[in-house]
Every structure is written in structure tokens, then in C-alpha cells.
Amino acid sequence: MAELIRYGAYLPRYRAPLAEIQSFYGRPGRPRARALCTPALDEDALTMAHEAAGEALAGAEAPGTLIALTQSPPFGLRKLSATLARTLGLPAETVPIDLGGHAGGLLDAFALASALARDGSPALVVASDHLVSHEERVCDLLSAGGAAAFLVGAAGGFARLGPAARAGREVYDVWRLGTEPEPRYRLEVLFDAYAATTTAALAELERQTERAAGDYAAVCPSQPHPQTLRGLGRAGVGPQQLEHTSFVGEIGNLGAASVGLALALGLDRAEPGQHLLALGYGGGEAIAQDIEVTAPPPAVGAAERIPGEAIDLSTYYRWTRGRQAEPH
Amino acid sequence: MRVGVLGIGKTPHKIQHDKSLRDLVVEAGRAAMADAGVEPSDIQALYVGNCGSVGFNYENSTGLMSAHHLGLVPSGAVRVEAACGTGAWALHLGCTAILSGLYDTVMVLGAEKMNDLATVEGTSIIAQAADSKEEYFSGLTFPSGVALTARKYMQTYGLTEEDLAHTSVKNHHYGARNPYAHLRFECTVEEVMRSAKVADPLKLYEVCPMTDAGSALVLCREEILRDRPEVPQVYVTATQMATGTWYAATDTLADAHALLAAPAQRAYEMAGIGAEDIDVAEIYNSFAIQEPLGIEALGFAPQGEGWKGAADGSTWIDGKVGVNLSGGLLCKGHPLGATGSTQAVDIVEQLRGTAPEGMQRPDAEIGISACRGGPGAVGAIHIYQRLEG
Amino acid sequence: MTVSAIEFSRLGPPKLRLYAMRCTACGTLSPWWERHHCYHCGGSEMVEQELAGRGELTNYTVVHYPPRDFLGQEPYVVGHITMDEGVLIPAPVVGVAPEDVRVGTRVKATLRRMKLGHEGDIYYSQKFVVDEEAPAG
């Protein structure tokens, strides 16, 4: 079983006021998040991945593999993982792998990393996203940005990556048509599919581990919307299990980095002997994985990074409009 | 050395949307030839100082274009470029041409047409005179590169922003009296301090405007000018050039000083005079801080005190040495290729006694022009003297 | 200003890491562009030396009139950072308001987008942020 050796998380410091944004676009209703974690004009999925990866690699062995996942790559047809390996100064022999932009992909990456990690040659998994919503839909989407990174080794870590269970259904709840820049959402389908597939995956995981969803010290789910977290209650997850790992109501949806941030928040508080439940979801596919903490985690203080620094509406507009029209 | 200044001419220095680059060239060149009383066929070589026509005007061979439109064909012509020191380099080459003995009469002409493009484009083109590929990759521009020098000077010598503001006040006093200047208004220290920030700590009244202009000089062998006693007997008696680092990152205050101080020392020796003999000086000041730096480099004040003359009057018209009595680049603007040649024209006017009222220093006999560029890469010193008999 | 994706392929890659050039003759570090010539001793063999990324902000300016490549980012801070290795590096300073910038602040390098080239090539480079881990004062 592969182990987590170190991890890192990066959140841009700026918080845009969702209530003002909704009001500006003439969308009434209670905002679903206090603020949107907004990358600065000069940040993107690569620069944020670089920050999180740097934290995860500090003082550690150079990885033999780097797996990068994002739904908002700054460029296509070129490997983000290859450029990221260069920015990190990794040896030329490092194998760079790009995984697709499925929001639950971090746990797919863990499966791949577990298979590739060798003694003395860990695999680095980095998830980052810079979601930018289109003008008409800005208030449906909690578009934010951030990154998380995990160093996966064959041994010598503080937590074991345990069994993983999957469930899926063929739906269009979150998708993108071809190479459109803008993701499409159908929230009603999302809430249904999230609940149904996570329930099925959790049930399957319980069968494999003989541990009920309610028995984990914390549940660390991907968070496209606050309502999806409420749906977890029907699967036996209690609010205290989400108390320290929920952030979407504070800073919005981080796409591929979402489950990574939730996991970092959970690991920061975890103690040896506890089990955490990582739950990734995207586009109809749910993955649930048991993670057993065996030693005190090298905490990164992710929770302290949640509050951030307020920016005004005009700054948010200038940064995101520019990114939509033409990245500066 | 003695190179005769047979004629001078210049266009107004301002935004001139109705004039093209070639219009400015022809206007300045014809004015200089008329002033010299020569025909185009008398000009044996043409040195055109133009810094950015490829960027500003989408055309390149400015020297050849000028020869054609001025009627100088078949004499040789070339475009000279050395960043903001371009005009001074054209003057230097004109002098060396005469001193070589190969030519009797040549024309030096500086011209730049900067205002067909928007400010942001102009800023980008000007940046190409420095390392726009590498150093300016960091977001620097010319004003901000020099602003770093300004802050260094302030940190080293305790200069405040109010202290520096006096330089703009002095330049604007004379710019207001110069019919050829771009900016013709006086200002106070308070107004300088309140003017919009350009590149902290430099403000709007401490940076030059983008200007369209041309200026020219007809140079000749000493004997030719001696044989024309009706022409004021003004000669170029020293020309010394230098380079310095091309980078703001490696440009220390010592470098900024040496860039002009070293050629100035050689120029004084060449002309057989000292700093105390200078009556009038044109000192490159596209950004206000460069005037104190130049005053110090030319030996008019100790290092760290060059700014004081603007506050205590010693660099005004009746002070120890009149510095930038034309209004300097702060008011004349900085038409890149023409700045060096306009400095020469303005000093020659002072030595001839023909500068406008309120700008003319009485009994000016010896003048100096100091041009810099790059911003730390080009140093150019010329000394001019009225030598009767 | 950048010309094309061809030029990117020459210039772009080096900016992904922060490095300086060391003269093999005198050992002096120069900024990254000095590939040909040591300004200190005149030596002509320069080799890359990666920098640790930490230093002190010894000078700065605030740009209000940017060149085209930086339009929309103004006002922005460009600093002179004296790296712990001794070499002076020019770079933007981000994550702090221009009015709050102070000479003497400890800073560290980070990767950021710099600009878009003319053919959609993205230039990444090193910018500096306040080094929160540095001792105060």
C-alpha cells in the first residue's frame, strides 16, 4: 500500500465578495459562498501548482514521477506536468504525466501514483484549478482557484492510502463540450448524481473495509456546491465529520484541487490511528478512499489560509474579464 | 580642435500631427542651410540622428530618406543611432568627419517623430533602447528605470522629493520663455509635488513629454568659418564620447557619475579650459534627477549637491553657470534623435547672443552640452566657444 | 517586447527558474542576461548558477505608465532585489500594495505569469513576494 509522505496546499490570497458580484449581475438570492478565492492576474493553474508542489517537496526526495491534473490548463497540447517539472527544477528523468480535468481526479491520481511509486522514488500528485465563470452564469458557479499537492511513496510516510471504491452514472451534470473554455452545469442533475454515486461508493467502501462512513474521523469531499455536502448526510456522514474540511461556503469551488484542499484540511488535524475518508466526485463518477494516519502528519496550516484578503468588485472584474477575453 | 558651426536650424519641439518625419527633417535641414548661407550641393555628407523610426514611423533608412528630400543626393548620408545620445553622436561624427580632413562642410541633423502612436506604444518602443528583451522583461520602462536611480540618489544623499522639485521649477521657468519648447508653463514646487505619479518617485513634471522635432547644424573646417567673419565665430572645441552599463541593475551612482565625468574631464583638457570657465550648459534631463547628476559630473557641484543650484539660484541665468536655460528636456521634450543636436543648437544660440529674452545669458562665451542615453549607456560631451579673431 | 514563438523558444525556458550567471574567472555573479561577458573583470566564460530565491528589497519603483505587454497591470511595483548570494536582480514585487512597499523588506522568489507573447506564447517568470518566514526588523 502506498503512503503519503508530505503534502502542500496553495490558496491565492484574494477574496472577491460573491454577494456584490451577484448584485452586479442582477442575480438576487442568498450567495452560496462568503467569497470567491480569486487568483491574481498573474496566477494560473501552473503557478498555483508550483506553489503547492514546492510545499509538498520541501526537504523530500525528488519524485520520479509528477502527475498534474487540472480542468483549466493555461495551454493545451503541451504537457503542464513537463513545464511544472522544469519550474520545480526536478531532474530530467522525472516522468511527467497529465491527467484529464475530472474534478474527482485526485483519487485517480493516487491510484496511478501508488502503482508508480518505488522505494527512493516517490510520485508527486499536483491538482490545481483556476475556474473562471462566464458572465451569464457567474452566480451559479462558485468559480475559484487553488492547488494541492501530495507526495506518494512506496513506504516511509505518515498515512497509508487504503482501499478505494468507485461508482458512476452516465449523466451530464458538470461537463464541457469539446474544447469550450466554459464548463456547463446542470445543478439539479449535480445534486442527484453526487448524492447517488457517493452513497454507492461509500457503501462499496464499507463492504471492503468494514468501516461505516460515520466512523471516519473526518470526511474530505470534493465540493462543487454547498448543497452537495448536505447530500452526504443521507449516506451516513455526520456534520462533525465535515466541520473542518468544508470550505466551499467560505471560498468557492476549487475544481480539481477541491478534494485535495479538503484532504489537507483533514490531515492537518489528524492523529495517528485515525482514518480519513477522501471522496472525489466529477461528472457522474465518485471515488471514495480510506486513508489511515499512522504518524503525526507534517501539517501545513491550510485552515489559516482560508480567510485571505478582500478585493473589490472592480478588481475581480478586471482580473477575470481579462482572463476570459484574452489572458493578459 | 576647432570645428566651425556655420549654420543652425530647428523646428518647434511639440506634438505636430500635421508634420511627418520627413517634413521635420526638411524644415530643420533647410533652416540650417539657409542660416549657413550654403546650398544643398555644398553639403558633402549628412549625419542623421534618429533613434526609433522603425518603431514610431514604420520606416527605417532615415539617413537616405533625408538625403533625397533635402536635395543632398549624391553626397553620402547615414542614420546614426545611440539611444538617447543619438543626436550627440551625429554631432560627434560630423566633427570627426571635418577633423579627418576628408570633408569641408557637412550637416548634422537630428529628427524624431514620436506622436503618430499612442503613449503605450511609444513607451514600448522607447523601452527597446534598453534591454527590452531581458531586463525590461521585469516590467520596467525608461521612466521607471531612471526612477530607481532617483531613489538610490535620495537614499544616499538624503535628497527629498521637495528638493528635487526645484529642478523642474527652474526648467519650467525657462521653458515658458522658449518659443520652441513643448511645455511652456511655469510651475511651483507644490505643483510639481502634486503632479501625477509616473514612476515612483518621479512625477509628471519630472519627466519629459514625447515630442516631434528636428534640429540641424552645418559644420565646416575652421578656415571656412574664419573666412565668413559676418557669421558668429562659434566653434566646437571638444567632443568626447563614452559608454556605460546598459543595465539599470548594474548602474550604480558611481557609474552614473563616471558616465559623464570621464568624458567631461577629457573634453575640458581637449578644449584647454576648466569647469569654472563654462557660462552655459545644456545637461540632458529627460528625467529631473539627471540634471543634478550631470551638474555634478561636469564639475559644477560636489556629488550629492547638484540639486542645490536650482533652489539657491546658482544654476539659473545669473548664477555661477546657467544650466538648461532652454527649459531642458523637461520642457523641450525628448525627441530622441534630435535631443543631442538641439542641445548643440541651443548652446550655439547662447554663444551667438541670439537666444530669446529671458533665456539669454549675458556675455556667454563658453558652453558645454552633456547628453546621455540608454539610460546609463551613453555619455557625450561637447564644448563650444566663441573665438573672435 | 517579444517577437514570436521562435524567440520564446530561446528566451522562455530560462525564466522558469531563478538563476544568475557566474564568471568562471573571478566568481562574480551577474544577472541572468550576462551570458557573454563579465562586467566585473571582462571574462568571457559565464556559467549558470541557480539562486536559493531569497533576498532583500534594496530599491523599487512603481510603474504607472506600462509598456504594451503590461497594460492593465498598472500600477505595479518593480524592485531591485539584492539576493543573499550578492547579485542584484530586477523583478516585479507582488502581493503587496504599492504604498506599503518598504526598502529593506526580505523577499522571496515565486513563479508567476509575466505576459503573453505575440503568438499566444505565455511567458512565466520570477516575481517576488514578502518573505513571511524572515525574522522581523
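To keep things simple, chains are lettered A, B and C as they appear, and every chain counts its residues starting from 1.
Here, contacts are C-beta pairs under 8 Å (C-beta built on N, C-alpha and C of every residue); 3 or more make two chains touch, one makes a residue touch a chain.
Since we're looking at a predicted model, the values are computed, not measured.
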Per Cα centroids, the chain farthest from subunit A: B
Central subunit by CA centre of mass proxy: C
Interchain centroid distance [CA atoms averaged], subunit A/subunit C, Å: 31
Distance from subunit B to subunit A - Cα centre to Cα centre, in angstrom: 60
Touching two or more other chains - residues of subunit C: 73, 114
Complex interface listing, subunit A residues touching subunit C: 13, 40-44, 46-47, 50-51, 74-75, 83, 86-87, 89, 318, 322, 326-328
Parts of subunit B lying in touch with subunit C, wherever the complex brings them together: 119-121, 123-124, 127-128, 131-141, 143-145, 147-148, 151-152, 155, 196-202, 245, 247-250
Touch list for subunit C against partner subunit A, complex: 13, 16-17, 50, 72-73, 94-95, 110-116, 122, 124, 127
Contact footprint of subunit B on subunit C as seen in their complex: 1-2, 11, 15, 30-33, 39, 59-71, 73, 75-76, 78, 80, 88-92, 98, 103, 114, 123, 125
